[in-house]
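Given below, in the form of C-alpha cells, are the structures.
Each of the next two complexes has chain A plus one other chain: chain B in the first, chain C in the second.
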Partner chain A sequence: MKKTRLTLILVSLCVLPLPLLGATANYAVGFYAGIMPSPGGDLNSYVQIAKYNSSNGIDGINKSLDGFSTSTINRPFGVTGGVEFKAIFFDYYFARVAGNYTRSVYGGKGKTVYDSDPGAPFVPELLTAKYAITAYDIPITVGLCIPFWKDVKISFSCGFAVAYGDYTNSFKSTSNTDKGSFSGWCYPLVLMLQGEYFLTETVSLSSSLSYYRGSTEILKDSKKSDTVDFAKIDFSGYRINFGMAYYFYSI
Partner chain B sequence: MTDGRVLENSDAAETITRYSITYTGVPLFAGLNFPVQDIGEFYMGGGVEYFLAGGTISMGAQQKDISAMALGYGFIAGVQLNVTSKTRLYMEWEYIDARTGAIMQTTAAAWDNLYIDLTGHRIMVGFMYYVI
Partner chain C sequence: MKKTLKIYAFTAALLAGMLLPASTAFAIGEFSLGFNAGITYAPNNIDSIITQYNGAMEIYKQTNAGAKATQIDVPYAPVVGVNARYQFNFFLFRLGCHYSRPLFSSKGSVTTPGGVKNSIKISTYQNSIPATIGIIMPLRKRTYFYIGGGGTLHQAYIKIKQDNPAVLGLTNNEDVYSGVFVAYHLMLGAEVPLTRKYTITAEWIHQMGRSLPLDNSGDTATPRKAINVQGDILLFGVNYYIHI
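Showing the complex of A and B:
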C-alpha cells in the first residue's frame, strides 16, 4: 500500500509540469568568460615536502626571516572561458555540454626562505618559487530550469567533467634547482547554478557559478634532469562566468 | 571573529594552544542582476575582497599579537525580495579565497611561518535601503 502511494506521488511529481508541453525543446549555444580563484588548490608536491619545508604546497612554502628579501607567494588567480551547448525540454528540464579553458594568470610566484641543509644547523637560503596551471575540461550536466515569465530562467544542474590539466612548478636557490611538470586526466564532479536574462526572445545574457570537485591520481614529474617529483592536479574549486547565449532552434 | 583552542596538535614542533582572530573585509564585486517581475531579484557576481586581520596567538604561556592583510578573490550569489518600494530583504552567499603571508614564528626554526587562512563561505541576511 505504501509502495503504491509512493509510486503515485512520484508519478504525479513527474507529470505536474506537463501542461507546459507547448515548448517541447529549445536549443542554445553560448560563450562566456570569468574567473577561478585558486586553480589547482594548494599545488602540493613531494619535492616541496622533502626539500623545501612545506607540507601543504604553496600555502606552507611562505616563510620570512630577517636579512632575506622575501615576497608572499599567493595561490594563483585564474581566468576561465568557454563555449556551451544547452537544451531545455518541456520548459523545466535542462541539459548542457560545454568546453572550457582555464589558466593561472596572476600570483603563484615569489621569494621565500628554506633550510638548505636540514641535517646540519639551520642554514636558511633564499628560494624563488613559481607555480602555473592550465586546464581543459568538458562538463556534462543535467538538471532543472525554472522560468520566471519570459524574462528570466534560473537553472541548477549537476554532472561530471572530462578534465585534462597541466601543472608546472619551479624552485630555484643558490644550492638547489628543481622543476616539475605534471599532466593528467580525471573526471571531477560538477555542480552548476546558472541565471539567464533574455534581451530578446532568442538572445540572453547569462551568469553561472560552477563548482568542480576532483583530482587526478598521483602523477610523476616528466622533467628528468633533477629530483623526481610527484603531485596530483586538483581541479576542485569555484568558477564564475558571464556570457551570452543564442536560442537557435525550438521544436 | 574566529576563536579556538588546539587540543591535539598533529605537528609536534607546532606549539600553538589557542588563537583568536578578528578581521574586517572590504569586498568589491561586479556581476549580473536578474529581476523577477516586481517580486525581487536574483544576482551573481565575481570580485575581490581586501582583508585586515588581527588577533592573539597563544603558545603555552606566551601570547603574541598579530596583524596581517590579504587580498582575496571570489564571488557572491544572492536574492533580494521587495518589501516596500525602497527596502529589500536580502540573503547572500559569498565565497572568498584569501591567505596572508607568513606573519609569525611558531616552530623551532627561526623564520616566520604562520599564515592566516581567510578562505571560506559567508552567508549574510540583511535589509537594503535604496536611497536613489
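Showing the complex of A and C:
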C-alpha cells in the first residue's frame, strides 16, 4: 500500500510540471550536505521503560553511582546529504523534490548503571548502551521564492516527506543483553527555508534549514533472540545543509 | 468560567489595541484581511497519546498469544482561518483565527484471544487566536518575508472513547479534556503580490505551550491531564489590502 502511494506521488511529480513547460519556468539540480542534531529524538523503546527504568529513552537512561565508571550517553549527532530538483515558476513560485540520506555518526553510546533486579533490594549493574539511526527520505515541498537584487534568492516552502528509517539499539550488562532493530515508513511534515547566492547566472551556492515533524507507528523489534522490543522512529528535527545548484536557464 | 472570561477580555483588549491604529486616518501603513487554509500534524500533540495507546496495544498483543491489535494512525489535519494584518514600516501586526480538526477520527483496536474487542477512537479539535508582532523584510511593494511571534489563545479539545477499556487495564469508557488557555507561537512567512490589492502568503506557525492539568469530563473526573499544543501549522492564504 505504501509502495503504491509512493509510486503515485513520484508519478504525479513527474507529470505535474508538464502543463507548465510553456510558461515562465526555470529548473535546477543540486547537491548538498550538512548536519542533523539529535536524529531520532529520544530513541525511546519499551525495553528501556520496562527493564532499564528510562521512560524517556536516551535522555533518561543516563544514571551514575559511586563505584561505577559511567560515561554520558549523548543524543546522537547526525550527518545528512542529498540531491535536489527545483522548479521556479513565474519568478516567485517554488517546488522542490529531493532525496536525502541521514545517519548518526557521533554520540549515542556510553555506560550507565541500572537496577538489574527491580524486585529485590537495589542490585546495580553497569550497562553499556548504544543507539544508531539511519534515515532516507524524499521531501516534496512547494512555496514561494523571492529574488533579492540580482544574485540572491530566498525560498520558503513546505510539504511532506516520504521517509524510511532504521533504528538500532543495544544494551549489554553482566546479566542482560538486549538488542533492538526497527524499520519503518512514515510521511513527516516538512518546512524549509533556503537561501541561494548566485556565483554565475546559472550556478548558485545554497544554505538551508529544514524542519521535519512526524514519526512511524509503533514498530516491533525484528531481532528475535532476546526480549521483544517496541519503538517508533521519530523523524522530527532540524537539518542544516550547504550545497550547490545548477540552473538550466539563466536567472 | 471567570478565568475564561478574563482571558477573553484581555485578548479582546489586546486585539483592540493592535487594530486601533488601523482604524485611524493617519494613512501610514497598510491594512489587509485574509483567508488561510493549510495543514497541521497531530493537532494538540495527540501523537504522544496515540503512541501510548499503540505501545500498550502492541505489548498486550505480544504478551497474550492470539491477541490482535490495529494501531491508531497519527492524523494530519486541515486548518482553515482568517486573519487581519496591519503593516507599519518594518513592523507587522497580525491577528489570526484558525480552526483545525482531523477529517476523520483516529481509530484503532485491540482484541483479546477470547474475541473481546476494545475499539479506541480519539477525536480532537483546536481553535486558536494567534496575535503576532513581527518584523518585515520588504523586497518590493507587498513582497515580504516576515518573522515574528506572540501569544495565542487556544481552545483545545481531546476525546478518547473505548468500548472495553479493561482490556488495557483502564477503567474509563470515555475521557474528555477541554480547556481555554494562553500559549505562544513563532511565525515565519512570505508574501507575494498577485494584483495591486491581492497577495498570496505562505506561513509557518510553530506553537508552544500547554494547559494546566484539566479535569476529565468523561466518565470520571480523573485522570486529570494537560493538553500540549506544541506543533506546527502550515498556512497558505490570500490577502486583500484595504486602502486607509
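Here is the rule we use: the second predicted complex is superposed on the first by the 225 of 251 C-alpha atoms of A that agree within 3 Å, B and C clash if a C-alpha of one lies under 4 Å from a C-alpha of the other, contacts with A are read in each partner's own complex, and residues count from 1 in each chain.
Simple rule for what comes next: contacts are C-beta pairs under 8 Å (C-beta built on N, C-alpha and C of every residue); 3 or more make two chains touch, one makes a residue touch a chain.
Given the structure is predicted, the values throughout are model-derived calculations rather than measurements.
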Once the two structures are overlaid on chain A, check if chain B and chain C clash or fit side by side.
fit
Quick one: is A:Cys158 in contact with chain B, with chain C, with both, or with neither? Answer first, second, both or neither.
second
Kindly classify A:Pro37 by the partners it touches after superposition: chain B alone (first), chain C alone (second), both, or neither?
first
Contact-wise, after the overlay, does A:Val228 reach chain B, chain C, both or neither (first, second, both, neither)?
second
Could you say whether A:Phe148 touches chain B, chain C, both of them, or neither, answering first, second, both or neither?
both
Which of the two, chain B or chain C, is in touch with more residues of chain A?
B
Quick one: is A:Leu193 in contact with chain B, with chain C, with both, or with neither? Answer first, second, both or neither.
both
Check whether A:Tyr46 is in contact with chain B, with chain C, with both or with neither, and answer first, second, both or neither.
second
After the superposition on A, what does A:Thr72 contact: first (chain B), second (chain C), both or neither?
first
With the two complexes overlaid on chain A, what is the closest approach of chain B to chain C, counting only CA atoms, in Å?
9
Residue overlap on chain A between the chain B contact set and the chain C contact set?
148, 154, 193
In the complex, the residues of chain B that touch chain A are 31-32, 34-37, 42, 44-46, 71-75, 77, 95-97, 99-102, 109-113, 115, 117, 119
Contacts from chain C onto chain A in the complex sit at residues 39-41, 47, 51, 54-55, 57-59, 62, 71, 73-74, 76, 139, 143, 145, 188-192, 200, 202, 204, 231-232, 234
Which residues of chain A touch chain B in the complex?
34-35, 37-38, 53, 59-60, 62-65, 70, 72, 74-75, 77, 112-113, 115, 122, 124, 148-149, 151-152, 154, 193, 195-197, 205-209, 238, 240, 242
Can you list the chain A residues touching chain C in their complex?
46, 92, 143-144, 146-148, 154, 156-158, 187-189, 191, 193, 211, 213-215, 217-218, 220, 228, 230, 232
